[in-house]
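Right after this note come the structures.
Two complexes follow with chain A in common, the first pairing it with chain B and the second with chain C.
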Partner chain A sequence: MGWIERLLTIDRRIIFAIIALVLILPMIFPFGFRTPVTPPTQKLFDAVDAIPPRDKVLTISADYDPQTEPELHPMTIALLRHAFATHTRVLVLALYVQGLGLAEDALTTVVAEFNGRATSPQDSIVYGRDYVFLGWQPPPIIPILGMGTSIRQVFPRDYYGNDTDTLPLMKETETYNDMGLLVSVSGGSAPLWYVAYAQSRYGIRVGAGITAVSVADFFPYLETGQFSGMLAGMKGAAEYEELVERSLAVGGRRKAMEGMSSQSAAHIAIMAFVVLANIGYLARRRRKA
Partner chain B sequence: MKRTLPLAIVLVTGLLGVVPFFVPHPSVQLADELIRNKLLRIISMFALILGLGSLIRHNIEKIRRRREYWQYSYVLLGSLLVTAVIGVAGGIGGTGRLPTAIGGFRFDIQTLYANIIVPLGGTMFALLAFYMSSAAYRAFRVHNFTAALLLVSAFVVMLAMVPLGKSLGTRLSDIGQWILIVPNTASKRGIMIGVALGVIATSLKIILGVERKWLGGD
Partner chain C sequence: MNLSPEPWIWIAALLTIAIFSFLIKENPFYRVAEHLFVGVSNGYFIAFMWHNVAIPVLVNPLRTATSQVAEEGLSRGLFNPVNEANFLLLIPTFIGLLYLARFFPQVSWLVRIPIAFYLGYYMGLSIPAILEANVLRQISGTMLTRASFTDWVNGMWGVVVLAGVVCTIIYFFFSREHRGALGAAARVGIVFVMVGFGASFGYTVMARISLAIGRMLFLFRDWLGIVR
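Moving on, here comes the complex of A and B:
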């Protein structure tokens, strides 16, 4: 077999083995990249920063599932860190049942981080006062449209079974008018539903946290201003982690940043395979001609 | 009647879905709120029960008839029963009536989700990285100028999506952003407007009863 044929017929098990190596090794020996912040991430950071802490709330809609957890979960964690660090109160909900467990995990993690550092009850993050986990109401159109008229009517009970009428934060949060920003962290089209139904009808500002594969689909909404900002894939999450740590001096594990070396290496490996295959392809075509 | 009644229901519910967006009158908004917060929620609960019933029936039938991979139906039904019992009776984080911890061993619904569903889901999705690498290697060929353009754009965007693009000391990241913002947005907008017009036309045809294929038959 000549070199051209060799280039064109690399066994897929070799490809799988190389991809496994380029994913695993950088996790053990990271490259130590810096993460320059791109405009969509900066826009979302500024939009969250601009929420008046005692006047409006940040709502995070955890519309993702375990399949997209590595890319999207760090976004939810970074958004919660940002909100709690700036004393912005937070509502969390999920349009899909799969997002509930992940939202619960993010809240538990970040609340434990902040309460571990708190020196007084004022510094602590208290459920019902600083944040509320509303849970899930099917189908998605009910909470998306319903929160425009009454959040408590859509969610009479929170995720933990508490009557939402009894929670201090919910007494001050009636509708979308009380939200400074709603960020939908999603592996699907949920941010677009918020734009189509909630923004068009009630004027809520919407931000998006999305997977890298959906970036091309969502960019038009950012350009029109329908999205106040956007986190694009794991890189967007890493950039947000960087902004939160740099601007607010809030520490904590940065899982998206940890994944950047592996992702970079995998992209290079895939590009290398494509280049090799095309060298073989063009060489064979020239030989035939 | 078999055709007229479903058509009438679609006409009424279709109009009820559209009208509140254009008519701000309190009576219309109140009716809309009632439909969404009460009617739709009740219907969706029935849909959940129907879906659950259908899933159970389908898998029991599969086991009874020993259809292909029938053994997995036992796994599905067992998992469904266990998670339902723990979820309903054990409460969130083990706060319900059913004890969900034996010593330090916890098996509440959140623990099950975080330690079974999350790793399984992540593993399945992670396999994509391997298949995509192999597929890109086998299928991505520079047959002509358009394919070459696609390849170069893909490389630039791939590099822009990781910090490496910026670390290379080039303007690759900026070019990647430009590709997404300008040519991508321009083409996507065209497609989206076309799709939206198509959706409006199809929806109107269904609501007004012009399109009846969804009723079955010809």
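Moving on, here comes the complex of A and C:
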């Protein structure tokens, strides 16, 4: 068997083993490089920053599940850190059942971080005053439309069973008009639903946090201004973490950044595989000819 | 190395390894983990839907309405859709139950009724919204106006986008043979399509690698405590 055949018939388990090594080694010995911030991430950061803290709220729709957690969960955490650091009040909801647990985890983590550093009740993050976890209502399109008329009618009770009429933040937040920005963090099409059903009808500004798989499909919506900003996969999440830490001096575990060394190493390995496979393919074609 | 003392971390780690073992070959550990996942997911979903949808939206209001009848007799309010407790809920419940008709061959045609309601409702709702968001706004974003040329970089990309859209549409225009100018435009169109596929592939690799990183970080940080 010549080298060309050997190149084209590598046992796929060897490739899996190489990829595993390429992922694991940079985790143990990270490169420690900075992540340059791309325009879509910067746009979303600026859009969140531009929300008038006492006037409008940031709504985060956690429309993802554990499968896409490594890419999307760090986005939710970074967005919450940004909002709480700038005293922007937050509504959190989920269009999918599976997003509830992850949204609660993100809220618990970030609220504990801020309250751990707080020196007075004013500095603390208080449920009902600074944020509300609305929970989930099926099916997805109905709550999206309903929130244009009355958020409290769509969510008469929050995730913890409280009557939303009794929560101070909800008394000031009636409809989309009271939201400065809605960011849908999603492993599917949820950001497009918000654009189609909430933005077209009620004019709400929509941001998107999406998996890398969807980026090519979603870019046109950023270009037309239908998305006010976009976080693209783990890289986008790492960029947002960088911006929050650099601009607002807010620390905390940076889950997306932790994976970026492995991400870069794996990309180089995949590119090498693609080049090698193409060399083998072209050499075999030339030999046959 | 700093092994986690948490039993749930151990269970999750062993199940992760069981799933990864499929990369070597199909084996009983993988099958157990796969079946466990399907069973737990379905069980969780059914229980969640029952407790968070069926009971608060249907069972409790009907129970309240029934007890009101027992105490006060039938009243007009019990047929008012604005009231939470009302008997009109029985109509969508009945329509929804018709989905089960497909299990009985003699009346399986009845399943068309709930499907017709569902399709009719969502089409009516979606067509104008999708047309506005996905077609009209996108066409408007593709058009070149004086504002597109406020700086030369934006103007250049605007021209590239417009050329890409037009040439790609021509590539998928099959009513005339792709020869001459049409053929040349179609060949440019296929270049744009290939660039699009390349970008999608690159992002897909990034996404899949990210998921693998998530699991590896879980194993080497949360479970084994090797990664700090």
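Note that the second predicted complex is superposed on the first by the 289 of 289 C-alpha atoms of A that agree within 3 Å, B and C clash if a C-alpha of one lies under 4 Å from a C-alpha of the other, contacts with A are read in each partner's own complex, and residues count from 1 in each chain.
The working rule: a residue touches a chain if its C-beta (ideal position, glycine included) is under 8 Å from a C-beta of that chain, and two chains touch if they have at least 3 such contacts.
Note that this is a predicted model, so its numbers are computed, not measured.
Novice: Of the two partner chains, chain B (first) and chain C (second), which one does A:T149 touch, if any: first, second, both, or neither?
Specialist: After superposition on chain A, A:T149 lies in contact with chain B alone.
Novice: Between chain B and chain C, point out the one touching more chain A residues.
Specialist: Of chain B and chain C, more residues of chain A lie in contact with B.
Novice: I'd like to know which partner A:F273 touches here: chain B for first, chain C for second, both or neither.
Specialist: In the superposition, A:F273 contacts chain B only.
Novice: Could you say whether A:E104 touches chain B, chain C, both of them, or neither, answering first, second, both or neither?
Specialist: Only chain B; A:E104 stays clear of chain C.
Novice: Could you look at A:Y159 and tell me whether it touches chain B, chain C, both or neither (first, second, both, neither)?
Specialist: Only chain B; A:Y159 stays clear of chain C.
Novice: In the superposed arrangement, which partner chain does A:P39 touch: chain B (first), chain C (second), both, or neither?
Specialist: first
Novice: In the superposed arrangement, does A:V215 touch chain B (first), chain C (second), both or neither?
Specialist: A:V215 contacts both chain B and chain C.
Novice: Determine, under the contact definition given at the top, whether A:L7 touches first (chain B), second (chain C), both, or neither.
Specialist: neither
Novice: If we overlay the two complexes on their shared chain A, which of chain B and chain C does A:A283 touch? Say first, second, both or neither.
Specialist: A:A283: touches no partner chain.
Novice: Applying the touch criterion given at the start, work out whether A:E223 contacts chain B, chain C, both or neither, answering first, second, both or neither.
Specialist: Touch status of A:E223: both partners.
Novice: Which chain A residues contact chain B in one complex and chain C in the other?
Specialist: 16, 19-20, 23, 67-70, 138, 141, 145, 200-201, 212, 215-217, 220, 223, 232-233, 235, 263, 266-267, 270
Novice: Which positions of chain B touch chain A when the two form their complex?
Specialist: 21, 29, 33, 36-37, 40-41, 44, 48, 91-92, 95, 109-110, 113-114, 117-122, 124-125, 129-130, 132-134, 136-138, 140-142, 151, 155, 158-159, 161-164, 166-167, 173, 177, 180-181, 184-185, 188-189, 192
Novice: Which residues, counting only chain C, touch chain A once they are in their complex?
Specialist: That would be residues 23-24, 45, 48-49, 52-53, 122, 125-126, 129-130, 132-134, 137-138, 140-141, 161, 196, 199-200, 203-207, 209-217, 220-221, 226-227 of chain C.
Novice: Could you please specify the touching residues of chain A with respect to chain C in the complex?
Specialist: Going by the criterion above, the answer is residues 13, 16, 19-20, 23-24, 27-28, 67-71, 97, 136, 138, 141, 145, 192, 195-197, 199-201, 211-217, 220, 223-226, 232-235, 255, 258-259, 262-263, 266-267, 270.
Novice: Using the touch rule from the top, collect the residues of chain A that touch chain B in their complex.
Specialist: Residue positions touching the partner: 10, 12, 15-16, 19-20, 23, 31, 33-36, 38-39, 65-70, 98, 101-102, 104-105, 137-139, 141-142, 145-146, 149, 153-154, 159-161, 200-201, 212, 215-217, 219-220, 223, 232-233, 235, 238, 260, 263-264, 266-271, 273-274, 276-278, 281-282.
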